[in-house]
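After this come two complexes, each holding chain A, first together with chain B and then together with chain C.
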Partner chain A sequence: MISDKTCRFAPNIDDKKMAKHWWKALAVLLLLFTLIAGFLVKIPAIENNEQSTRNLFFHVPMWISMYTLFTISVVNSVLYLTKYDLKKDILASSAANVGVLFGVMGFTTGSVWATYTWGSTLTNDPKQIATAVALLIYMAYLVLRLSIHDIDKRARVSAIYNIFAFAMLIPLTYIIPRMVDSLHPGSASSPGFRSQDTDGTLMMVFYPAFTGWTLLGVWIYTLRVRYKRLELKNIFK
Partner chain B sequence: MAQQTTALHRTLTLVKKDLVLELRQKYAFYGVLLYIISTVFVINMMMGHPEEQIWNAQFWVVQLFVSVNAIAKSFMQESRGRLLYFYSLVHPRSFIAAKLLYNILLMAIMSIIALVSCLIFLGNPIINVWYFVGVVMLGGVSLSLLFTMLAAIAAQANQNAALMAIMGFPIMMPLLMLLANIARSAFVPVFQPGLPNMFLLLAGMDVLIVGLAMILFPFLWKD
Partner chain C sequence: MINRASYFFFTLFLLCTSLMAQAQQQNTETGPINEMLRSNGKIYVVVTVLVIIFIFIILYLVRLDRKISKLEHQQQSKP
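After this line comes the complex of A and B, so read on.
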């Protein structure tokens, strides 16, 4: 029997501690449901989208996850500037890192979908261009962090740039695409998916999907935070 | 009230100091002048007198590089000791306001020079001249505001000029697209339905940048 007394690497299983991690189990369950139901459920035929409508369960949740992570990031950057607590900087940078990952995944899923529905991987679609620019801004944030060696200075300067980046993200991905025509479903001449979803099957999978993907994003983010804190544990002691 | 007037006074004094420094050295001015003329001349050698759409694109690309070059200098010429001296004298907000004002002035002059040299070397496809001059001025102001803030950030990261390009280019992309679109009306008599909206967006972006610069710069200076 492996326990604390017989082995010092024994897992420390504590009911109370496990109870805190219920949402990770939920994330796994929801994503399993998304993967299985997302490919099997009967979906309505919407114009020329055909089976590619299933991308709704993978493409849109990436953006919701990305927005969640970037919001976490900017909140922690503001908190860093009020207290100058380096832990907040770790939270902010980790969230931005994982946010960029989800942004890239959202862009990729969208581009693959566009290849088959719009006929081109990279189009002049304002939403596609604007998100590419927003992602570039956040990648510049990561490069900026790499270029400064002093930890406190890096935290301060990158927190300021992060607020700047978030202030650009909202007009770029939320305001401008709504002012101009887009090829995206739901804007201008192409119909939205929600109005065509007469059986409610799309939404039945979509809501669990975006909850699951967002939880997964937050999970990866907490893992990265723990890793970064271990890296800098000499400073925090 | 008294405090407000002194803040304004300090800002204006700092602008005057930058102007006097520039008039004495004439370094930035002639440096950028040479830069503009050689760039436009190279374009002329390569494509002669381009048609209006390409003319427009070329002009805004020239504007972009001119603003990067002119404004990157604004923080690099200040030595560390001098910055510390200013820090002890004035509030950081006055300092950044002075830099913003000075750079707007500088960029306005540079824009006019860029426009004139483009007209000389690349021909004149513009129909609505005053409209285009107005757009150029607006564009100069927007670009100078944006790059002043970025130069302040880059100055903190060991005066790294490459960093300014990395941070600045994604942010200025939507700005430049907007400007090039607005400027189209100066070349062809075309009806653009979203024109007032685009102007509003440009103004909104300028206000956003100035606001962020005013709020965030004091944090940037705490060294």
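After this line comes the complex of A and C, so read on.
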């Protein structure tokens, strides 16, 4: 049994694939472009946003990165439940962990932005409140994992919880805020930034920006996966 | 191994949300920091946002780095 488990965590092709570097260089280049162009590009005047519209290149990609990581997480949780392969559990938990990091960054930066454009740090904006709830659901996932010591039991229980958490995440943060009036652009009463961006300069920086930030998130995620594999290999030895 | 730091950050985040809900009642118009952040077309809001992102990523990487160092240390002392 022990040898079976040690071999499950042995470094294999997956590890080598994760250590490949070209997309990390791409992430750095895209982020460099984002930082430079993000501060220099000419932006349209959108209500009382003034220069803070540039946050579109920094605050919004946090959420896209978070969605990507939570999607990776839920896919791996489903895959775990089909074959009970603990490797998938490592992938799922690491993605959720880094996803929460990006969610917290998105929430904090959003609060700062809200203070100076909407006039309050925590407004009664449905998107802001629903996102805080969704983040707490995912934090509960991490706390749930910390509370179960048996590795297999932890993997099964948290995989099922993770599927429910994802099923709550999408309506809370994406569907409901779009159906009701919200201060956020892109909701029922306010148009998205794209409609004010007549010459497409915002989108020209926004697409590289969210690709770069998402790749950075995936990079941190692979680091955590590699660390967790090493740690578990040690435990089973 | 349950990390105390993670409990600390959870608690901190929970406290922050409740504090911000209270701050909603107060007027945030005055103060030198608020004036600075509203000057120059609110560009310092963007700077603050980037600083927050930077601090979070660096803190996360430092924690990860420490964990990996600990692991490497264990691995060296074992065989």
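Operating definition for what follows: the second predicted complex is superposed on the first by the 209 of 237 C-alpha atoms of A that agree within 3 Å, B and C clash if a C-alpha of one lies under 4 Å from a C-alpha of the other, contacts with A are read in each partner's own complex, and residues count from 1 in each chain.
Rule of thumb we're sticking to: a residue touches a chain if its C-beta (ideal position, glycine included) is under 8 Å from a C-beta of that chain, and two chains touch if they have at least 3 such contacts.
The structure displayed is predicted, hence computed values, not measured ones.
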Q. Quick one: chain B and chain C on chain A, clash or fit?
A. fit
Q: Check the contacts made with chain A and report whether chain B or chain C touches more of its residues.
A: C
Q. After lining up the shared chain so the two structures overlap, which partner does A:Ser120 touch, if you call chain B first and chain C second: first, second, both or neither?
A. second
Q | Touched partner set for A:Met62, first chain B, second chain C, both or neither | A | second
**Q.** chain B versus chain C as contact partner of A:Arg178, first or second or both or neither
**A.** neither
Q) So, does A:Leu223 touch the first partner chain B, the second partner chain C, both, or neither? A) second
Q | Partner chain in contact with A:His21 - chain B first, chain C second, else both or neither | A | neither
Q. A:Val143 contacts which: chain B (first), chain C (second), both, neither?
A. both
Q: Please work out whether A:Arg54 is in contact with chain B alone, chain C alone, both, or neither, and reply first, second, both or neither.
A: second
Q: Have a look at where A:Leu101 lands relative to chain B and chain C in the superposition and call it first, second, both or neither.
A: second
**Q.** Three-chain overlay, closest Cα atoms of chain B and chain C, distance in Å
**A.** 12
Q: Starting from the residues of chain A touching chain B, keep only those that also touch chain C in the other complex, and list them.
A: 139, 143
Q.
Touching residues of chain A toward chain B in the complex: what are they?
A. 81, 130, 133-134, 136-137, 139-140, 143-144, 147-148, 153, 156-157, 159-161, 163-164, 167-168, 171-172, 175-176, 179-180
Q. What part of chain C is in contact with chain A in the complex they form?
A. 2-3, 6, 10, 13, 16-17, 20-21, 23-24, 28, 34, 37-38, 40-43, 45-46, 48-50, 52-53, 56-57, 60-61, 64, 67-68, 71, 74-75, 78
Q. Once bound in the complex, which stretches of chain A touch chain C?
A. 35, 38-39, 49-52, 54-55, 58-59, 62, 98, 101, 104-105, 108-109, 111-113, 115-117, 119-123, 132, 139, 142-143, 146, 216, 220, 223-224, 227, 230-231, 234, 237
(Q) For the complex, give me every residue of chain B touching chain A. (A) 149, 153, 156-158, 160, 163, 166-167, 169-171, 173-174, 194, 197, 201, 204-205, 208, 212, 216, 219-220, 222-223
